[in-house]
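Shared between the two complexes below is chain A, which has chain B as its partner in the first and chain C in the second.
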Partner chain A sequence: MSGGAHLAAKVAGMLLSIGAILFMWHTMPGYVEITAPFVTRGDAGEWVHTRTFGVRVDKSYLSRTLRQTSFGRSEERTTSGVWVIVKVDALAVHEPSMIGAFALQTEDGRRYQHTERVRLSRKVGLLGRELQPEMPVAALLVFEVPEDVVANLMLIAGEREIPHLTSEAHISLRWQSSNPLTSIRDTLDLGS
Partner chain B sequence: MSNELFARRRSLITFAVLLPAVIWMSAREDFAIARQSRATNAIDAMPAQAAQFSGFNWRLIDLKAAPTERTPEATQVEARLQIIATAREAAQSMRNCRVYLEDSTGQRWSAQPSRRGDISCAQLPDIDATEKPVMLVARFVIPTYRAEYVSLAVVIPKQRPRYLRFHFQRS
Partner chain C sequence: MQTSSAAAPGTSSLTPGAAIDAGQWRVKPLRARISTEHPLRRASTRNSYLLVDVEFTNLMQRSSRDFAFVVTLDQPELARLGEPSIVLVRDMALPDRLHPRMPETLMLVWQLPTDVTLPPELHLSILGKTFKAADNLVGSPGWFNPAPVAHVALSLSAP
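Moving on, here comes the complex of A and B:
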């Protein structure tokens, strides 16, 4: 090989290497993407099974006030937005597991965690409850969201609040009418 | 063979040996942690047979199944295990011990919260089981169609991936 051709081959090799490094730099996923949760998507009414749990959205309700009986006393909880009550069924897949985090996600990506303002009994709540395989349990989830976001909400159920490499189910909520604001109740009794 | 060819072949062999060695050295702890995070290697025992596991002698005394009153598709299974410690310090290794029912595919159900007066597996670190045998009671609710084909599994985090499994033959 002549001296000129040898040099051209070296330059081409170097350019190719730099090109490969730049390509990898731009296409390599970041830490957040690498450790992202394993998402399974589905619609309301159908079972959505992740690696560790399955969840099905049964019905969703909207209300301005929640009524709850606690130690024999009736209590009412109001909100500046609207209460979203989601009735779900849940079970474990293969071995006992828990669903540790619930949130509602809006169309623009904002997430609203399960409320801490309402204490649900172990019978109707799902947080901290151990699920068993093939034994679905019915439960209520309660969220507080601004009124203008209720039309497009997605339920996110995950193994843990910090969702690194964990399973997550994403389920779109469905409303009976095209304008869900018309179906907002004044009061909803969590005991009924 | 020319010197250059010999050097290239030696480099290739060194690379083939070093690459897996480096991967193993950097990842062996992760492999070990992953292996110990699940109870996968069963030590099988028959119900009448006493089995040695984690410093205790284990014997499955009874595994009773009865349909639940409210829902016939669910069955309550009650397991009674007699255990005796072979050494006083054995109890400490029982921390976070859990009992499961397991079907032939490895699917598991955990025990319900224990009733007052019952001794559960998780209480063993606080009990002296060297003097006389201790009776453990675990209650499960499982699908009725699975009740015929389950085994009792005892999982102790310190012993993973090994765990004790009693095969139960319904009379």
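Moving on, here comes the complex of A and C:
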């Protein structure tokens, strides 16, 4: 082989390697995709089982104000939007587990995480509550969202707030009427 | 309303009640005042507090409580006031995460040492972070590097 052809082959080989590296660099999935949660989808009213927990959406309610008694004092919580209260049943699969993160997701992907402005006791809420296998418990989840997103909301229940490689259930909420805004209550009492 | 003379290049001057989009948050400084009452503490005649009301709107896709760094005091003589405590005005309680596109007014509260004399006008910086689609550690998206994006001067009114 002549010297020129040898050099040309070397250059071509180098360009090919650089091209391959650039291609891999640009098509490699990012950290978020590699560690994405394992999502199980389902509908309201049916049990949705992930690897570690199961959840069933029962009913959802809308309210302008929430009332709660804490330490013997009645507290009212208002919102610039509307309160969404989701009644669910939950259980563990195989071994005791917890559901540590809840959010409502809008159609365009905005996530409204559960509120901490009302503190539900462990008998009523799900945070910090250990679930047992095959022992469903009822619970309330509370969110605040702008009024204009209420019609299309999806509940996202996951093991942890940081969802890398965890299980997540995605369940669309269902409303009784076609325009749920007509069924907003003025006040809803969450008890104590 | 006079604007802050300390405005650094590349930042804009805001008038009170005007909003600016600073990365994660739309920030609207509303008013500043001095009070003898802390919204979360029992009344005491000995202490006084500097209260600044700022409206925050979350421009991100997620609920977030990353708002504590946004408003800082500019004047060097006020540097020793330290970090403020933050109160959600709607509840008069500690704030929760703020949710996307749901504006809320937060009250920043600094306790005033007795030997501090406040200037008639308060100069504040509004900081914003920059979004990076992939950070340098693992390549996950996030908001980094807070830097001033605007300045505002609020007149201080007594209670």
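Observations
Assume the second predicted complex is superposed on the first by the 163 of 192 C-alpha atoms of A that agree within 3 Å, B and C clash if a C-alpha of one lies under 4 Å from a C-alpha of the other, contacts with A are read in each partner's own complex, and residues count from 1 in each chain.
The working rule: a residue touches a chain if its C-beta (ideal position, glycine included) is under 8 Å from a C-beta of that chain, and two chains touch if they have at least 3 such contacts.
Being a predicted model, the structure only gives us computed values, none of them experimental.
By the touch criterion defined above, A:R51 reaches neither chain B nor chain C. Comparing chain B with chain C, the partner in contact with more residues of chain A is C.
In the superposed pair of complexes, A:E95 makes contact with chain B only, with no contact to chain C. In the superposition on chain A, A:M135 makes contact with chain B only, not with chain C.
Of the two partner chains, chain C is the only one that A:T78 touches; chain B does not reach it.
Of the two partner chains, chain C is the only one touched by A:G109; chain B is not. Chain A meets chain C in the complex at residues 30-32, 77-81, 103, 109-113, 115-117, 144-146. Against chain B, the residues of chain A that register as touching in their complex are 94-96, 130, 132-135.
Considering their complex, residues 74, 100, 106-110, 141-143, 146 of chain B touch chain A. Residue ranges on chain C touching chain A, taken from their complex, read 61-63, 88, 90-91, 93, 96-97, 99-104, 134, 138-141.
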